[in-house]
Amino acid sequence: MIESILTISLILFGVAILITFIRIVIGPTFPDRVIAMDVIGVNLISAMAIVSVLFSTRAFYDVILVLGILAFISTISFSKFLERGAIIERKRDI
Amino acid sequence: MNENVTFELIGAILILLGSIISVISAIGIIRFYDIYTRAHAATKTTTLAVLITLVGVFIYVWLGEGYMSVRLMLGIVFVFITAPVSGHLVLRAAYRANVKMADETAEDELRPVLFKESSEKKEQEREDQ
Amino acid sequence: MNNLIVLPMVLPLLTGVFIVFFKSYIQVQRWGTFILLLVNVGISVIILRQIQIDGIISIDFGGWAAPFGILFVADSFAALLVLTTNIVSAICVLYAMPTIGKRRETFYFYPFVNFLVAGVNGSFLTGDIFNLFVTFEVMLLASYALITLGGTRLQLKESLKYIAINVVSSSLFLIAIAYLYGTLGTLNMAHLSMRIAESGQTPLLTVISLLFLIVFSLKSGLLLYQWLPGSYSTPPTAIAALFGALLTKVGIYALFRTFTLLFYHEQQITHTLIAIMAGVTLIGGCIGAIAYNNIRQIVAYNVVIAVGFILVGLAIMNTTAIEGAIYYLVHDMIVKALLFLLAGTMIYLTKSEKLDEMSGLIRNYPSLGWMFFITVLSLTGIPPLSGFIGKVLLGQGAIVAESYILLLLSFMSGFVVLYSLLRIFMSCFWGETIISEEEETPLSKKVIFPSAILVVLTFALGFGAESIAPYVQDAAYTLTNPSVYINAILPD
Amino acid sequence: MAAQFLLNLFIAFLWVLLKDEDFLRFQTLVTGFIIGSFIVFMMRRFFGGRFYLHRLLSLIKLILIFISEIFQSSVVVIKHIIGPKINIEPGIFTYKTILRGDWEVTTLALLLTLTPGSVVMEVNEEGDLFYIHAMDIKRYKGDLERSLKTFEKAIMEVTR
Amino acid sequence: MLTINLAILLPFLAALFILLFLRRFRRFHIGWFVLIIPAILFALLLRQIPNIANGKTLIHQINWIPSFDINFISYLDGLSLVFGLLITGIGTLVVLYSIYYLSTEQSLVHFYIYLLLFMGSMLGVVFSDHLMVLYVFWELTSISSFLLIAYWYQRKGSRYGAKKALHITVLGGFAMLIGFLMLYVVTGTFSIREIIETIHLYKDHSLMTPMIIFILLGAFTKSAQFPFHIWLPDAMEAPTPISAYLHSATMVKAGIYVVARFTPVFGGEALWFWLVSSIGLLTLFWGSFTAIRQTDLKALLAYSTISQLGLIMTLFGIGSLSLHPDIHVESVLYTQAVFAALFHLVNHSTFKGTLFMVIGIIDYQIGTRDLRRLGGLISFMPISFTIAMIGSFSMAGLPPFNGFLSKEMFFTAILHLKDFDFFSIQTFAGIFPVVAWIASVFTFIYSMMIVFQTFFGPYKEQPGVEAKEASFGMLIPPVTLSALVVLIFFFPNILGDYVIKPAVLSVYPGVTNEMIGSISLWHGFNKELLMTIGIIILGIILYIYRTYFKKVYIAFPRNISFDTLYNNALEFTDRLAKGITNFYMTGYLRHYVMYIFLFFIIVLGGSLYYLGAFTFSLNNDQPVHPFVWMIASTIVIAGMTIFFAKTRLTAILVNGYIGFAIAMLFVLFRAPDLALTQLVVETVTTALFLLCFYFLPEWEKTKVVRKVKMTNIVISISVGTIFTLIALSVKSGKLFRSISAYFENADELAGGKNIVNTILGDFRAFDTMLEVIVLFIAGIGVYTLIKYTNNKGVEKLEDK
Amino acid sequence: MKINEVILQSVSKIVVFIILTLALYLFFAGHNAPGGGFIGGLVLASSFVLMLLAFDIETVKKGIPVDFKLVAASGALIVLLSGLGATILGEPFLSQSFAYFDLPFYGEVELTTVTIFETGVALAVVGVVVTIILSISEDV
Amino acid sequence: METVIIIVAGVLVTVATYLLLSKNLIRVILGTAILTHAVHLLLMAMGGFKGESVPIISDKHTTYVDALPQALILTSIVISFAVTAFFLVLAYQVYKRTNTDDLSKLRGYRHE
């Protein structure tokens, strides 16, 4: 029973990702896509957590954390790029 | 043993709840009109979804399997503090990149402040000409 | 312990990394690299001799026996190429010292050269197909860095194509490896050979082998050489010489290795295709060498011709032809480097690349002129210079195999080499001298000396062909008898 | 403050040594820490100043507020999403905070962003003026300002 | 025993000596030093005449590449001795002549080094028994003659002539090499002697025909046989001593030598006979016919040489018939043809040498060789006139000069051709004497032209030139040669018995000394004599009416000669090459990538189809988790999105998404390490893209042409399909289990529980090590790429 | 209006520490759990990236005054030398060895030469990634 | 599952090929990146997805997925990262010097 609940949840996360992905495809603006991407990243975290449970392994807990970190870093990069063009500045004075 | 199954079930239900919320928030991301309102769906609901799910997993493995995962806990904290920052940054960038707000927008106190200098400069130029 | 055979790759790596710490100490970088290469030459000689005594030498890294670990395998073929590589590189480095420019030197020219040499040596020595991919990448990355080093506009434009195409071919290589692994479940080349022999070369394996053929053709410039003339004609001379001498040879080596050790069961398909490709390459190279008035272009197309020529040996696939190809391979590495050095020197002296903008240089630079002339003859296969014996053996092999079209094409290509290079010689060195003694750019001994060594080498290799004959024979024997290789790696 | 913490830690390790188990266990250390904090709490008057874990309690309180806020806000947003028609009037308004210092401001911004219908879009240079995007400015502006006050108070309890 | 090796080696050593020690030597003309070499060698060879005449031969072997059966085997027999004597004898005279001809202001060092190289190579050719070694020297003669022709390399004409000579002779050389290699493959030996002994075993070999053609190509190109003769007139740009030496007496005769040498191998073969004799005859005719047209004395001599070489060639062709099995050994007539050939060879060297030297003298003294500007020199240069007359009359085949004797023998041979009843010779036998006779008339005419147009008629003064006789030293060599021309006529049999006969015997191994007759001055009024008389009469008439006769040449305009064919062919090749190469070498990456993919499609698609390699089964597939479906479908959609992405940012973001999704797949494939690495790398890559986008422009709205788009789509779908089909086949048809079960013992073997990591850190640590290096190279490479160009141009040694 | 990055910077300060800890954890865990030199190095590098994103080059360089090229080179050198180390003992190139020790209080500990190797890998990865990112960023 | 993954890889190869044929430099680089993804999926599929567990040895499991392709992919990921980094930087250097990212205008060696 538990396993089927988990599987359903995983599928639901898949659905969520698919729906969000539509936003990436249709845009219309780039920030929309960034937001969607960020959401997918966060959803992937959940999905991975469920997969860990399903596979009964702890090997993916690191992946969860790393995914969180990287989704964060990518979002920062994209928004900084939008805002300033240069995502890393020599000396901040803006 | 029975107790474990109960906890596992609690965990699983939390996970299911998380996944449902996640689907809803995904719908929100499609349904809202502009980037600014979509961000509301993203930063709040999705965060909630992932938090519930992770807590569910945490409970599942902690109380069900007897393993308290520091990494999971860290993950929860991490999402908690970074999700709003992401929302903030993207919206700021969008606004500064001149992404239009929806027509329904009632008031905007930021525009005059943010684009004051540039509009002044434009006027200056017009006068110079 | 056979740790010796890892040194030709690891020592340059070590040197390369080490001298990064000496960014502004150019002398350390220069002589460190040069001495290392000499040491490598010594090591290669020892290896080569050892092989004659003990047979194929191999080393299992980490002590993990084949087919589970990675290993280096030195047979005569590999060892000969390693030896030549190090000699040629040492000489190119010697040439680079006075010509490449201080700025390039401080910007890691020598480390990159070290890495390039390491990659090339490693590619020759490795006995694992995936590791071959990795050694290729070491070589390629170094070549990317070198080809762009000091980036003039033209250089950058051409390197763009070079890199793009190499990236594609690397991906294709990985795909091929994936297919092969999927089918045979192993990566060790001897083990692969054994398994293919055991199961027979199924149609699917033949298809996969053709993918390998495409990959290595791209690397060696067989038929798919379109990237080559541009990329080899833009970097500074010392680099171009290294490229011209070494890079395509690694692809050629890989073709020889895979199509003698692994995929030799369906020769009427694979080797026929190689034959066609070699033939078209010869024609294309010849046409290109005739087409241009630009020295660098002519020289670059000559590289293409040599590729076709050597692969004729593989296409024919009898011992004599392969002996010829090996001889020619060694010869071509030396003399192509020489050709690039001389052409580069001419361009440096006259500030021009065009034939019609140079004239009568032999008055100004007689030694350069004569060395160029000798190079032309050597590349043409005029006896008794080093190109001769390879050509003779290849011809013999072709006749024995009744491959008359290849025979004619390869011999005609020799003529085009002569035609195209002689045009350079006659147009640039002969004719009225147009540079007065005051305008003359001085040609220092340091610049000419490395070429002189190579000239001596082409004579030595021609007159002293016998000195490497046993190695060549052994190499060809190993290539034509895969069991020798397999038994050395997987004794049971 | 730091002395209290170090002492606590010292007690925790002492506990571990006293237990003298086969190998180091996390649980033992945690137990030691809890015991240590109890001792330090009892003896806090000798050190002067507040008990250092008091802040921890405030922090926990803050986190609870945080969590409740996120639930509330999500419910609001979800209602909008699954409602038949989205009927909102978004807008940007300003809020001047009494909080000072990077951490206080950051915390407030995070809280605010997680609150129903609001996202902090800009902070002025001085760091005391927030530009906030509200999902439905007419309906929630009042609520928002009220919760902002609550947050400010909770944050100051932790930091000051 | 050392004689022959020494003979070959000595000129090379001398050349080296000059190069090393006499480069700055100015004390006296270094020709005097060089003169010693051929003189000594000539003397040495003369001493061998008795030995050789007694049937001895000298063989000597030095190993070169014994592993491949290639060794220096030198061999001296009658045939090589004749050539050796010519090379050294004429060589001596030419060097002597050159001492006066070339002033010390010119670069004598080069001249003599080339000359010595040539001499050594020539000796190498005639003294080598080994095919490969013969070839080595053969090519060296081409090279050294190339250098000699281009001695005045500043002149365009010299360069052109040298280039042409080299092209044609080297091409011929390559052909000959192929022939030699075929011979080796057939007979298993490189030794000419051994080949001659065993060739009868292989007469039916299928390679016989190509072998003959290829070897003859070598011989014909070298000996300037029609239509390869075109290089010889242009080679006259060389200094006259060189023309005298190379282009009349020695190098061009290397081809003759090869034909002679290989007559015992191929003699009796129809192809050999027909090729050698008919090409010879054609050359004989064409050379003499064209010679008349010339106004430059040297060009005239060049064509005359071509013609004479044709004559000799024809004789060798006829002579080869003796080796036909149907010919009885006692029927010695056709050994006579070879006798005549060799005899004429020597004679030609003497009279042509004389003529070249005389013309050199005229050129040197008067400053022109143009017949139209010459005349009446007889009163100023009587000695020159005398020797020129001797040479010309000998060439014309008049008594009492040696040319008469050999020409009579030539007629004898050619007239008897009709006696043969094989190879359908009888059908064509009539043509031979007719053509030969006409050619001889032409020969008579141009010989007369040399004498009469130069020395008779009104004297045409050249500006600034005072006509006078040449210096004594310069006259010695031509006088010596002309003396020989006369002496040989009167005492032909000294030469015949001691030199020519042994040579004939080497061409006909089975023949004995007695079978070969001797030369007699008088045969009675036979056909041959009548032919000669006819030549003289018709020759004189035509010479007198030559202005009318020359109208014939209108039918042979200069612009449809083989010369223009050669030039146009080169030019056409150049243009064609440029056209073809520019067509596909566009420099446009898209095209190059397209070539790769098209080749991929053709080769892999083709083989997949024709070999029937495609198989498919789902038997071994794991069930697909629904989540995998979803991730997979987003990847596919993402791929499509990149297709249509309007901005680069979207493309990058979607690419990043694919990376993340693949990481997710890695999780589902139970590959945590991969997922981790993939995630970080993907993020850093995306960051890199964004960093670089600062410098890069936004995508332009590309108006891709429909056709281009369709091509791209077809190619990419084909590539994708083939890739997939092969992968599916591989998946369905695994042949072996993977070796990786071994790694599951990682804990015991290497003390690690993470198998992937253990592979990376231990089993395949070498890959990892190199991977680190790759990364490192990229790191400093990027650093260099950016920093190098950042602050530009401190030093630009090679930058343009 | 100037951008006030206070939110990003404050949060990043915390996040960086989390990443650093994680990086070290992954590095050491690699032998028996997911992780290892590469991943450890990569995660470590991403913490630098985050710092660079949140702050700026000068600030980060002041905080960590290291030439990352040389870090990379040291890493590569360690990798190579650890391979050569075995050859001095007469073992094949790149031979690794491992042993278990009992430490008081700590329990059984596995010591392996792979760790040296992996340290080199990690250093090289960090060095290279940061070098690349810094070089491009400084070009702006 | 192998079949699905192979088909996904095939789609990626198609996309990559299309991008590689483009005349825009960034598209080409993207093409190489996507090609790399496809290759990794292929390698994974070639190893097969049989086997029970994550390739980390534990007492609970006895069979593990094929770890070798994973190690190979890891190597390849790092290498392609190195190459992509270099390629990208080269691309922008070219743009800085030539002011175009249109490959049809970046033909390089002048043809005579």
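Lettered A, B, C, D, E, F and G in written order, each chain numbered from 1.
Basically, a contact is a pair of C-beta atoms (placed from the backbone, for glycine too) under 8 Å apart; a residue touches a chain by one contact, two chains touch by 3 or more.
On a predicted model such as this, the values are computed, not experimentally measured, just so you know.
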item: Minimum number of chain-to-chain touching steps separating chain C from chain D; value: 2
item: Minimal step count in the chain contact network, chain A to chain E; value: 1
item: Chain pair with more C-beta contacts, C-F versus D-F; value: C-F
item: Chain at maximum distance from chain A, centres defined as averaged CA atoms; value: E
item: Central chain (distance from its CA mean to the mean of all protein CA atoms); value: C
item: Whole-Å separation of chain centres (CA-atom averages), chain A against chain G; value: 21
item: Mean-CA-position distance for chain D and chain B (Å); value: 18
item: Whole-Å gap separating chain A and chain C, where each centre is the average of the chain's CA atoms; value: 47
item: Distance from chain F to chain B - Cα centre to Cα centre, in angstrom; value: 31
item: Touching two or more other chains - residue numbers and ranges from chain B; value: 25, 27, 39, 47, 74, 78, 81-83, 85, 87-89, 91-92, 113-114
item: Residues within chain F bordering two or more other chains; value: 1-3, 7-8, 11, 15, 18, 22, 26, 32-35, 38, 43, 46, 49, 53, 69, 73, 76, 80, 83, 93-94, 96, 125, 128, 132-133, 135-138, 140
item: Junction residues of chain D, two or more chains touched; value: 109-110, 120, 122
item: Full enumeration of touching chain pairs; value: A-B, A-E, A-F, A-G, B-D, B-F, C-E, C-F, C-G, D-F, E-F, E-G, F-G
item: Footprint of chain F on chain D - complex, ascending; value: 22-24, 102-103, 105-106, 109-110, 120, 122-125, 127
item: Residues of chain E touching chain F in the complex; value: 672-673, 676-677, 680-681, 683-684, 687-688, 691-692, 694-695, 750-754, 757-758, 760-762, 765-766, 768-769, 772-773, 775-776, 778-780, 782-783, 786-787, 790
item: Contact footprint of chain G on chain C as seen in their complex; value: 130, 134, 137, 140-141, 144-145, 148, 151, 153-154, 156-161, 163-164, 167-168, 170-171, 174-175, 177-179, 181-182, 187, 229-230, 233-234, 292-294, 297
item: Chain E-touching residues of chain C, taken from the complex the two chains share; value: 13, 17, 20, 61-62, 64, 67-70, 99-104, 107-108, 111-112, 115, 118, 122, 130-131, 134-135, 137-138, 141-142, 144-145, 148-152, 154, 160-161, 164-165, 168-169, 172, 175, 178-179, 181-188, 191, 195, 199, 202-204, 206-208, 210-211, 213-214, 218, 223-224, 226-227, 229-230, 236-237, 269, 273, 286-288, 290-292, 323, 344, 348, 351, 360, 362, 377, 380, 382-384, 388-389, 391-393, 395-396, 399-400, 404, 407-408, 411-412, 414-415, 418-419, 422, 426, 429-433, 463, 465-466, 469-470, 473
item: Interfacial residue positions of chain F with respect to chain E in the complex; value: 26, 30-39, 42-43, 45-46, 49, 53, 69, 72-73, 75-76, 79-80, 83, 93-94, 96, 98, 100, 110, 112, 114, 117-118, 120-121, 124-125, 127-129, 131-133, 135-140
